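Next, two complexes with chain A in common: one pairs it with chain B, the other with chain C.
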Partner chain A sequence: MVFSSDARWEMVDAITRQTVTYGTYKHTLGDVLGDLTVKPLTGIPVAFAALYAFWSVFTSFAGTLMTDGFMVKFFDGFWLPWMQSVWPDPASWHYFLFVGNPAADTCFEAFGMLTSGLFVSIGVVLPAVLVFYLMMTLLEDSGYLPRLAVLMDSVLHRIGLHGYAIVPIILGLGCNVPAVTATRILETKKQRFIMMTLLALFIPCGAQLGIMMSVLPDLVGIVMLCLIVGFCIFGFVLNKVIPGENPEILVDVPRYHWPVKEYVAKKLWNRTKGFLKEAVPFVLFGILVVNLLYLGGVIQGLANLLEPVFVTWFGVPKETVGPLIAAFLRKDLAIAQLSTIPMTTYQMVASVVLVTIYFPCVATFVVMLREGWKELIAAIVVLFVVVFIYGGIIHGIGILLGVA
Partner chain B sequence: MEQNESKEQNEQKITLIGIYVALLGLVTLAFGIADILVWAGIRPGIQVGILAIAGDDFFRWAWGGFIMICAGLFMLAGSTRVATLQQSAKVVLGGVLVWLIAGTDIFARLCVAIPADVASPAFFNSLSGFLAAFAPPYTPAVLLFPFTLGILYLIWIHDTDDS
Partner chain C sequence: MTEEKAKGNADLPEKGTTVLMLGNPNVGKSALFNRMTGANAIVSNYPGTTVDFTSGTFIEGGHTYTIIDVPGTYSLEPRDAAEEVAVRMLRDSPDATVMIVLDATKTDRGLYVALEVMERGMPCIVAVNMMDAAHEKKITVDIAELQRILGVPVVSTTATSGEGVRDLAEMLRKAKVADIGAIAQRLRGEEQERESVRGCGGCGGC
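Here is the complex of A and B:
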């Protein structure tokens, strides 16, 4: 059946009459609120308030309620003593691998695969990741995230990115794996490279944040400050050094709306499931590998070999070599390990910053490799240079302040 | 005729609700400044009746205080011709900021109240222990929270206009 041009137009008119409503659009309160949250004068305080609420809910739920309120009590009071009592032969190698230190009072100190491994992944990191993704999904589904992108556009242009780079940055605060994939929303190779490198260097994941909050709550602010300063400085430098374009973007900003609970639940489940599948095995495997390296004397050997760099250049004890090796498997695990090494406040801050900016964890490494091996190699070269320079700068500042 | 009356009402520079919003804005602004001053150590922690400003933590009192200052300024900026859409939006935005701070304060108390004390062998708090966690003193944002609910009236009048 063939329609003439007139018949087709008549059909278009008929559909239009039935589907399109004509009238004058009336500005609503929601529209004006939407406009106010993208204007810098009113939008920046709102962004500060959103971040405040985000962080406050995160620390209250993950830190106070779940980890300190229930998990520490369960793992230190019941799980660890039970494991220590039922596992045979505390002097054996298998006890060291799976239960850890027989004299330990807490799961952080024990460092066995079934004690610290389960405590870190289920007791500390899971609540942190769960509440992080819930807050992130609410921001996304309410329509606030695109507004934050518009607001951040001019700031992020200074480091070669654009407003939508806020998506991988915020995702990276949950887990760097989806964040690296999210760098695809950036247009040019230059932008993707800068974003990937900065993610690997200066964005601590939710797991790391959860552990930091648990083992060094008073120092999280200083560590984050060091990372933010490093993010801005090295972003600016990379933007100047790397050739390429930073095109402008056109952002489609939707109206504010209440998130649909079914979608929120589905997103939350998918993201948390991804964490459980990818991170938990890495934590357990990571502890196993580190304990094997300890048993084989490899960590001790490396610590002796790298002592001049660590002690002289970074100003941290040589024992931090072990956690740095663990950091390649899981950074949260490395910070948990750092908390058991006797250190001054400066050394703790410096070593946590080093663990964060040092090599990306293996899961992130694999995803970066998927994005292109040339970019990965370039990112790793930049990474080593930055770790060396920034680690030295922090040590220098520590010496000047008289704390290192 | 009715439309003109409503337009006149909207354009009235000072109204009763406008005065209420301005006072609320002033108090919010004062509380925000007090939060920061106490945090900065100008005065040690303040407790007056059921109001307490501990000022012991940068995040809660300096950052939170800055948000309270912004909330107060938004309310003050929107207090004249408050019934107009633009001005109402500023006031609502100020109210939302106070609700965020108060909401997170109440949530933090809830998170402390649910689990039992560290020394206790039980996992969950007793009912009396749970309720005791919500006893006074309160932060300025929590105390302001019921007064900011008056802002819902502005949302309601604009919602009615839309429908």
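Here is the complex of A and C:
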């Protein structure tokens, strides 16, 4: 027996009338907070405060305390000299692959699998993602995300999305892989396509943020500004160009509750485990691939080939080709590599922005493929166009400002 | 990504009973699922956390159950790709038992999709979850009455603390097909329960 939707709702009403009773209910602190964080007048300052708190914990714990205070000292002061002294034959290919540059003073410069690879993944990125995952888990579990979604709704409508797109965006700041899957909560194909493309282009992941903070602390702000501006501009354009609907946000805002300790611990553990199992080997593998390509002369060849585009159009040195190849495997690795190339401030900002937007990392690529190959191909076309245009715009601005 | 996460249209295990967890987003399906199977489905406090399915097993009374945690859905007419996963899972597992999970503070909302499932003639059991939140909000749900009306087992649970999870596991084997016509009659006050009453109050649990 099948009912109409109206008949079903009538039955639902009848059932609840007979089974559910509502007592008198006093507003609690949670409800007051709930109201305050949704109303724009108070909600926007709260959102900024939350963001700022997030950022300062992130930088002070991961950057200053763990990486600079402990990991750098350990890796540069002990691990690297030790590897350089015990590994045989500095002129050999295996020394180049595993230890890297025999004259290097820091693990960034060495660029061997066991030196830079371990330093980047364990020394810099691990503390960063750990803090990031913890903060994100608290955001997710407290019930703040749906409120942020309501708050951001009108802004996101201008770029063809609605407030709930904040969920994939925030998840993407941790890792783009779950973020791509999370686009499933958006209703239309248009929304999902815009969201996935913007994720792949402009949302840096936690690993990348962590390494940027460590190697380019003064430039993170300007890089993020470039990314946010790009996000808005190209979101706006995509919204105009792509046909389809962008329905209103329909979201159930849950009550605030204290994050359950065991869920937080479990989630943190799972995410960290995922990082150790998937990201660390990828960083090592990435270094191996890049070093092999250097040994084979492929990168030098590509650099010469692409030199006109890089130097005249983007205004960055041709040596950035190597990091761009590494970026396909791991963005954090690419940034670490970029930081060792001597460049002007403008060139550094431009190349970091390019590394971020030019292509999703391979893991993101794979999940995007799983969500639909047609969309993936379309996204890649958009991506190349955007990289070319936006890279040119940034160069143009640099020239106008007299820094490029 | 956890290992338990079976991707896409992976084969569903054939042994034992398959139990699909279905209900609105953010009612605590994943939390209940983790409680019952010891698995690591991601639990958060926002609708749309689960966008893919996760399966896990548990043994109760010598019987193996394969539980599948599916994305939350408000109805069986999917609104987005996550809801599509839920509806597809339901369609592809015609022999499954459906564990309908309700949020005790929003029973009405969840009952809509519950009725839709019951109309499909699949064996059901209902878990009224988040009893602690309902308690705080001074909302009471008459579990016995709900069970009498629906004619399928109804269990109250609080997944975060684990309350009622044991009951839910034990009652799974009593899941049964709801008679939607009889529900309509009961709601109109026409008691036609001669068969099922048999002097026990007709709790539907046997």
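We take it that the second predicted complex is superposed on the first by the 382 of 404 C-alpha atoms of A that agree within 3 Å, B and C clash if a C-alpha of one lies under 4 Å from a C-alpha of the other, contacts with A are read in each partner's own complex, and residues count from 1 in each chain.
The rule is short, and it goes like this: contacts are C-beta pairs under 8 Å (C-beta built on N, C-alpha and C of every residue); 3 or more make two chains touch, one makes a residue touch a chain.
Everything numeric in this text was worked out from a predicted model, so none of it was measured.
Applying the stated contact rule after C-alpha superposition, one finds that A:Val32 touches chain B and leaves chain C untouched. Looking at the shared chain after the overlay, A:Tyr164 reaches chain C, while chain B stays out of its contact range.
Contact with chain C, but none with chain B, is seen for A:Asn270 once the two complexes are overlaid on the shared chain. By the touch criterion defined above, A:Val385 reaches neither chain B nor chain C.
Contacts of A:Pro45 after superposition on the shared chain: chain B is touched, whereas chain C is not. Touch criterion not met for A:Val311: it reaches neither chain B nor chain C.
In the overlay built on the shared chain, the residue A:Pro254 is in contact with chain C alone; chain B does not reach it.
In the superposed model, A:Ile228 lies in contact with neither chain B nor chain C. Comparing chain B with chain C, more residues of chain A are touched by C.
In the superposition on chain A, the residues of chain A contacted by chain B and by chain C overlap at 28. For chain A in complex with chain B, the residues that touch the partner chain are 26-29, 32-33, 36-37, 42, 45-46, 48-50, 52-53, 55-57, 60-61, 64-65, 68-70, 73-74, 77, 221.
Chain B makes touch with chain A in their complex at residues 58-60, 63-64, 66-67, 70, 74, 85-86, 88-90, 92-93, 96-97, 100-101, 103-104, 107-108, 110-112, 114-115, 118, 121, 123, 155, 158-159, 162. By the touch criterion stated above, chain C contacts chain A in their complex at residues 1-2, 7-8, 24-26, 31, 34, 40, 42-49, 51-52, 71, 79-82, 85, 106-108, 111-112, 115-116, 119, 133, 136-142, 145-146, 149-150, 160, 180-181, 183-184, 187. In the complex of the two chains, the chain A residues touching chain C come out as 1-3, 8-9, 11-16, 18-25, 28, 137, 140-143, 145-146, 164, 167, 177-178, 181-187, 192, 250-252, 254-257, 259-260, 263, 266-267, 270, 274, 370.
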